[in-house]
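Across the two complexes that follow, chain A remains constant while its partner is chain B and subsequently chain C.
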Partner chain A sequence: MELARRPWRPLVVSVPFVVLGIIFLYPFALLTVEAFARPDGGYGLGTFAAILAGHAFHGALFATLRIALTATAACLGLGSALALLIRFAAFPGARALGRLVDVYLAFPSFLVALSLTFLYGNSGVVHTLWTSALGGSAAAASRSFLYGFWGVVLAEVTYYTPFVMRPVLAALDVIDRSQLEVASSLGERPWGVLRRVVIPELVPALIAGGSLCLLLTMNEFGIILVMGVKDVITLPMMIYGKAIDEFDYPAASAVAICNVALSLGLYFTYRQALERVPR
Partner chain B sequence: MTPGPRQPSGRDRVPPQIGVHALSVRYGDHLALDRVDLSVTAGEVVVLLGASGSGKTTLLRAIAGFTVPTVGRIHLGSTDVTAAPPHARGLGLVVQNYALFPHLRVADNVAFGLHARKRPRAQIERTVARFLEMTGMAAHAQRYPHELSGGQQQRVAIARALAIEPPALLLDEPLSALDPPLRAGMLEELQRLHSQLPQTAIVYVTHDQTEAISIGHRIVLLNGGRIVADGTPRNLHDTPPNRYTAEFFGQANLLPARIVDRSLEADTDPVRIAVRIADRTIWARRSADAPASGAALLCLRPHDLQLEVPVEGTPDGNHLDGIVRSAQWLGASQRVVVEAGSSTIRVDRPASEPLPAPGTRVRVSFPAERAVVLADR
Partner chain C sequence: MSELIHSRPARRLLAGIGLIVTAIVFGLPLMTLLLASIAGEWTRALPTTLTVAHLRAALGGTPRAALWHSLATGIGATIGALVLGVWGALVSRRAPAPVRRGIDALFLMPVAIPSVSIGLALLVAFSRPPLLLNGTVALVGITHVVLVTAYAYASAQAGIARLPAAVEDMAGSLGATPSRVLVRVTLPLLLPQLRAAAALGFALSMGELGATIMVYPPGWATAPVEIFSLTDRGALFTGAAVSVWLLAGTFGALWLFDRRRSSRRAGSARDFSGT
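Presenting the complex of A and B:
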């Protein structure tokens, strides 16, 4: 009856599936096939076994997780603190600062990564300050800091902190102020109100912002590439190296599949964590 | 609330639980509270009644510590708390939207203030159980707020405020988010709770006069940041001190009148007074603030008036003749609007009486003790 009146409906419904299939599923299927392809033309787990057994993969996986977890933790701390300051410390321009976060999120990541080299790069402000503060002999130490693990973390924190601030600011906007007043009337001091009322109510926003941050930092490629960091090999950098430098597409595809599995695992953990939060 | 819990003489003897002295609150150019004085004794239920913007919530927030007064002092018992932060005042607060903590179960919500006070665990458990039992929420202790109805959430909010055993409970429009039938039930519930905690003073903010009458030992009526009336519900209803009180409280008929020269009065009763309305002399009671002479208002409550058939040549007495303009059946009663000279008089009668037809000539009569002369301000 419904179909008889609207015969075009199945066609309309199928369009998004077809588009999704062409732009996402087909390339991913090609990648998967490549990862399982054997040199003799058959299929197997040989490429995976070789990759997973290699020290390079273990190192890249460890570096990826270490950078992602450290940067996410720092983003959560800094993002929450800044969001709380913007909403609760009544200072002129607080609202404008909140809106600036939205603008920052709209920046293309490559542009932001490029601008970060002016801040953290060889001729960057941070490098100059570091060198001038510690003297010429500290230049080498500065380089090893800025072009190593902490340099990447610092750059990622700079770029991804607003990804935590945005959901936290939104959550702070909907917290009922009378809850804070009632908590205060019940004898709780301001820090106690923050600890026992505000932060627990921010948990869904922190899970959302933190998960997004973790996913993005785990797959971060542009910042590391544009900054020219040589010593830190993450999974995305390993994929790039295997595919572009070594032309080893099966290995690159196998690492990419592992990277996707890691991201999906994280995503499902995030969904489960969010469902456990009482709201 | 239980009638007559506090006698005025008792109030004078007992130091007030809450004392507000010449309190003013100014927001920029707007004076939200203007030299307000208020005292609430232990066990007393004081209702702050007023229209939106009258200053009633500002006064409550100042007592709670959320609004900083521009001038004036606030005392809790003998302690000056004017500069004390809210967490140091120890007052229970219940707000309109309940403000339960959504991430905490019912029992943890009730225990919140006790944890803030670092009470021993065993004492917290005992107190929480006691107040959940008292509010009828013991069976819901392990639920989250979003799993409760509005009425149940309000019970938890009240249990949470009472659990810290405050000397005074501040209720800010606590029932306005509830449906009318539920509201009546919660009013009874509050009365029952207060009878179990007879020493707890209650300051109850509302714009609803029915709530105010049913729960208040005393009603403080505010308008434009000032207290315009302060008295028992019956006093304010029967003898409103001024026009605003009469209009806000009970929708009184207010007829312009002129006070008869007292020297011409034959009656020597200091409470009774004679006024002229439309060439007729009317006897009435005088309110405390009524002027000694000149223009005044005659306050007549719609349900105190009788409709009679006019008789020609009747001498002076407490009646006014007029014509029925409209008559409306309202279920439990009927409302008749009578035009008497330049005045319009609303009369509420039992529904069982025959409904008079518009245009009928009628006489509106009333006993002198149910008519009040008050100042026209």
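Presenting the complex of A and C:
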């Protein structure tokens, strides 16, 4: 309000931005500088060109997109199916289950990877049952599917499906029930009501949940790290490898900048999708 | 809400499918993790003996230190993020719409960025003058504040949007100074959102791995980092036991913070919509 009466006001207003500037913007500015730094002390596009031309980067980009898209598609399918079952089959405990989904969101993702190791890993419950059912020692020597592409996808689907279920459950809550009854009484079969009345109402929620899922699965790191998947290198894994194993900070920074650009692009798409979701 | 399926057997069948799929997809992994933390001998499909040795081992030596580090980081980062996020949300409230959109973007951006990149950026920036923090505990705290602030900001903003503006104006017109209005009126009204933000922020900080693994100083691993290094060297059961304590601590705190609210709205901050 009146600047004269409260001369400290600009100071008070600027504090959060100064702090965030130092701990968030300044690091990313220096990350950019690092990516463009040349070994001789000058600046240039050398690191970027080398990274962007390399097979490692192309492979990582492809793996990231392939995992994220596959996991998101599976999350959308499983998440909307489970949400529909919870709401329409109306079984006892369905409400509690819906609430449990929320609690799940506070669970760290890498623990899913650890859990799945015990369940489907080489010495896990399912793999042991499977190999003992097959009997032979050849079968016992087989490697579980878990340590590859599908293992990562399974872990991500396990962890991220609730992120689709939540908006879909919320959207199902606001569907006008009389609409469903009218459609039914006009002779539409349940499947038809679902397809023609319910699903169209869910589209904004599916877009919002799906793009959130896509963003989070593209950024996912803990699951792949803890699972010990050696042949699936995503962009975050490549950044980690370059920085921690090879101490090559300029290369790591260049990959990080590409990764950040990709994620931010997706994020702003998500924000726009979200604005169309009825809340 | 059973307008769609009128036939009872069909509804039962679908309900059964729903329950079984949920149990297999979400319940089974968690149960297996709990089982692994108390498994003694596990050479067949299921453990043949049970033991508390892993859980006890996880409360001694480096795992114990790691759990303390996580707890301390979680509490510190949550407080820091709440102050920063609420402060930012209060400032953005008075800003004109275009400026507010910019502030939103700034505060919410960290949630969209891969955590490894945030860790790398902080590592690169604070490994050189003028701010040399590489290898210090402070860098871990700062990293977690960066990651959690967005959720605090989004929660505070959601709370501010629901504030009855008249109450604050009234307090002001009755002669209360702005700082008094803030402390006595605004913040108490925001308390439910702040509590939810604190719970969520604490849980996220306790489980953070990607950025922490880039910046943690030697000897100061947090519980997630410790779990990774344990499982990486094959100590799977101790890793599972540390995970169980980590989860117990996280959900204990969530329950403590959040018991007076429906968990539904608490979770919604994770959508980071900022609206």
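To be clear about the criterion, the second predicted complex is superposed on the first by the 238 of 279 C-alpha atoms of A that agree within 3 Å, B and C clash if a C-alpha of one lies under 4 Å from a C-alpha of the other, contacts with A are read in each partner's own complex, and residues count from 1 in each chain.
As a working rule, a contact is a pair of C-beta atoms (placed from the backbone, for glycine too) under 8 Å apart; a residue touches a chain by one contact, two chains touch by 3 or more.
None of the values given here were measured: they were computed from a predicted structure.
*Asks:* Taking the superposition on A as described, I'd like to know which of chain B and chain C A:E181 touches: first, second, both or neither.
*Replies:* A:E181: touches chain B and chain C.
*Asks:* Comparing chain B against chain C, which has contacts with more of the residues in chain A?
*Replies:* The partner that reaches more residues of chain A in the superposed model: C.
*Asks:* Kindly classify A:V203 by the partners it touches after superposition: chain B alone (first), chain C alone (second), both, or neither?
*Replies:* So A:V203 only meets chain B here.
*Asks:* Could you say whether A:L129 touches chain B, chain C, both of them, or neither, answering first, second, both or neither?
*Replies:* second
*Asks:* For A:E34, select first, second, both or neither according to whether it touches chain B, chain C, the two together, or no partner.
*Replies:* A:E34 sits against chain C, while chain B stays out of touch.
*Asks:* For A:G151, select first, second, both or neither according to whether it touches chain B, chain C, the two together, or no partner.
*Replies:* A:G151 sits against neither chain B nor chain C.
*Asks:* Between chain B and chain C, whom does A:G192 touch in the aligned arrangement: first, second, both, or neither?
*Replies:* In the superposition, A:G192 contacts chain B only.
*Asks:* Would you tell me the residues on chain A in contact with chain B in one complex that are also in contact with chain C in the other?
*Replies:* 181, 184, 279
*Asks:* Under the touch definition given earlier, write down the residues of chain A that touch chain C in their complex.
*Replies:* Against chain C, the touching part of chain A is residues 6, 13, 15-17, 19-20, 22-31, 34, 78, 81-82, 85-91, 93-94, 97, 99-112, 114-119, 123-125, 128-129, 132, 157-158, 161-163, 166-167, 172, 177, 180-181, 184, 190, 193-194, 198, 208, 212, 215, 218-219, 221-222, 225-226, 228, 235-236, 239-240, 243-244, 249, 252-253, 256, 259-260, 263-264, 266-267, 270-271, 274, 279.
*Asks:* What part of chain B is in contact with chain A in the complex they form?
*Replies:* Answer in residue numbers: 64-66, 85-87, 89-93, 95-97, 99-104, 112-113, 115-117, 144, 146, 157, 160-161, 164, 170.
*Asks:* In the complex of these two chains, what residues of chain C are touching chain A?
*Replies:* Per the stated touch rule, the residues are 1-5, 11-12, 14-19, 21-22, 25-26, 28-30, 32-33, 35-36, 42, 44-46, 84, 87-88, 91, 103, 106-107, 109-118, 120-126, 128, 131, 142, 145-146, 149, 178, 199-200, 203-204, 206-210, 213-214, 224, 227-228, 231-232, 236, 239-240, 243, 246-247, 250-251, 254, 262-264, 266-268, 270-271, 273, 275.
*Asks:* Okay, in this complex, where on chain A does chain B touch?
*Replies:* 176, 178-179, 181-189, 192, 196-197, 200-201, 203, 277-279
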